[in-house]
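As written, the chains take the letters A, B and C, and residue 1 is the first residue of each chain.
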């Protein structure tokens, strides 16, 4: 069974028609973002463990996993917001045109944040400052980052708000965040993120705080607007169905380790890692119920384990899984880190 | 590994001792402050044994002698009275007034707050406005107003400061009562036909007393501050009582050539207030469920 | 909005009315017979009766209260026996400006210094600077202000001779003299507030800086100083103003003590002397003025809430 066909079949049934044609990957072009062996520790615990993936210009990538898998940590690292003394970072984050930013200082990040990299947060109602008007929050970056005059910034702000689908825009500028609905707040967040025409847009679960009915609209809006600007987008998601619809590539994370990564059509149609399969909830050789729950909620990694982090919960775990970490190897059109994959 | 062996060693001791040790280690400031307060309380109780001189004795040979003078470790005041002895006796007044006033304030607050919380309707409204009115006056100003009617003296200061503290106490009591009243077990008791007085006595009162006691600990330092302020103004405790506020006021006139007259009792007062507020904060942090959740 | 304000004003008036009843009762409870005191040595039953009638003291209590309230509202506060001057003039023209000058300068001092100190210790949590600040806030909130005042007199007045230590000079008459005379009293009174503001700023700012909108502001490329001083501070205004309103009582009672330390002829001195001279009318005036100040300030704080936090504005 060819994965391509499957993807097309899915698209005809569940992809919103408005998403339109996917831009076919052009592998020869230099990737916009290349992450290699990125590790992040906070105090004793290792939050990211040798994460490696890359993202081409104009592409969309989904970071998948349960809470605590390190998805949001990656997003925050990519915009330079995890730069406290207790956070230890190693590996490389290569951003096209900016070089390796792993060691970049605050000054270097100030030239990237809100300019080349922008972020949409999970809960727009909490991510908009309650004490400032929409207009002020939208126009400040326009004036400070883009250097627009007051009137030009205002005109651009109205334009941006219209492009994200807000009506009655001039009066919206003087509204406070709490006066807007959740969907509108997220649209405003998108407008702010897009205001500087970033190359890379990070969307941290952009729809998890919204009604199901608006989720599709917001995702569609992000895809359309990033595509129009030929920007790349990284979605942080826990919903596989959504990922299969909006991401070219996905990275499945567990406990800060990459379990499986590759084109979403290939990985999600025929998961090879037991964890991806479990996430998908599909019954291959075992039921989801067989996943052994951890003693206390989200996985915590106070001590560095030598093996695969998923091993304690994995129904297919072998003896060596806990002892040795499986390498991320090319298998069947994807990269996979598992000693005992599904076939 | 080192930690592990330490744990094992601790667990050999009775559980209570190790718990106290762990508490002391993590709350070093609290322990120091509690020790300071204990020293003040002990020297107040055993003042006649600790103090080198009676507080009112005048040493005709040594007026305003500086600290470290022979026979007078911390010097003497303008009447030749030994400052160390007067300060030790002063702790009696400070603590007696502080605790006495808080007791009165807490009792009054309990009555007013319970009444406001339990009555409802017009009575509650009226009582709330009464509490508002009490709270509209700073404690010191209200205590001054009461002193103007009662006159000076230790007992009157206790009463005046105590009454001035009723407002803040009754507000917290009322809030607690409302919270407890809304809880299921109180409603259930009411539905089961338990008499109203029995509910108040068995369910509401015990749940109000404990937070009130915590509040009281916190407010002791405030009561000491207000009462010594009254004495400093010259309208609290009457001379020649060895009250710190009064001693500081006396020393104020001599600050240019005998600063120790105000300095000795002032430092004692400052140390006691700081220690009391650390103890109060510690007690609140340990027992206040709201703060605990945050921490 | 208007309804909200009207409600608040009405509630405030209600409290003031109750304060006035309490205050009137206080006056009636005061020991000593005011007529006896006023008559002094020329005491005859006829004179007594006529003065009693003249003052309206033979009428029922309730009537007396409303009579007193009418006089109070119209500024007829009676005459000081000792000073032989109208109490209203004494309180408002002589005493109140002194107290207000002291209170406002202390407040300004503590805000101007306290907010930056609090911001510094919130943004440098766990640093040596933060440790020093926390020791200072602990000491500052419990140190007796009147003893601090004496220490300042000793250090800056006696030892260093930098500042005058007594009396009041109105800054609107002699600006420099007013400033120097107000320096030590203002520092004395401000220490408590300074410590309080540092503590509140620190605690609230730490909480606010953990909010998603702060991370979002950073993600937008806002520099650190703007994130803290614009986005952060704007969001702690409301708790800060609330605390200032609630602590106004502490400011007023601190002012009473500070006035005595530095011999400033303000409301505090007025009340203290009145207690010593058994002039209950003045004590009552002082009580009413303090209560009015406290209640109106808290009314203003209440009315300011919708401006401080847009979420409280009606949609």
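Just so we're on the same page, a contact is a pair of C-beta atoms (placed from the backbone, for glycine too) under 8 Å apart; a residue touches a chain by one contact, two chains touch by 3 or more.
Everything quoted here is computed from the prediction, not taken from an experiment.
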Where chain A and chain B overlap in contact partners, by chain label: C
Contact-richer chain pair (by C-beta pairs counted) among A-C and B-C: B-C
Distance from the mean Cα position of chain C to that of chain A, given in whole angstrom: 54
For chain B paired with chain C, centre-to-centre distance based on mean C-alpha positions, whole Å: 23
Partner chain C, residues of chain B touching it in the complex: 129-130, 132-133, 135-142, 144-145, 147-149, 151, 221, 225-226, 228-229, 232-235, 245, 248-249, 251-252, 255-256, 259, 262-263, 266-267, 269-270, 273-274, 276-278
Residues of chain C defined as touching chain A within the complex: 211-213, 215-224, 231, 234-235, 237, 309-311, 313, 315
Chain C-facing residues of chain A, complex: 76, 79, 81, 106, 110, 112-115, 118-119, 121-123, 126-132, 140-141, 144-145, 176, 178-179, 189, 192, 196
Complex contact set, residues of chain C against chain B: 14-16, 18-19, 22-23, 26, 29-31, 138-139, 141-144, 146-147, 150-151, 153-154, 157-158, 249-250, 252-253, 256-257, 260-261, 268, 271-272, 274-276, 278, 280, 283-284, 286-287, 290-291, 294-295
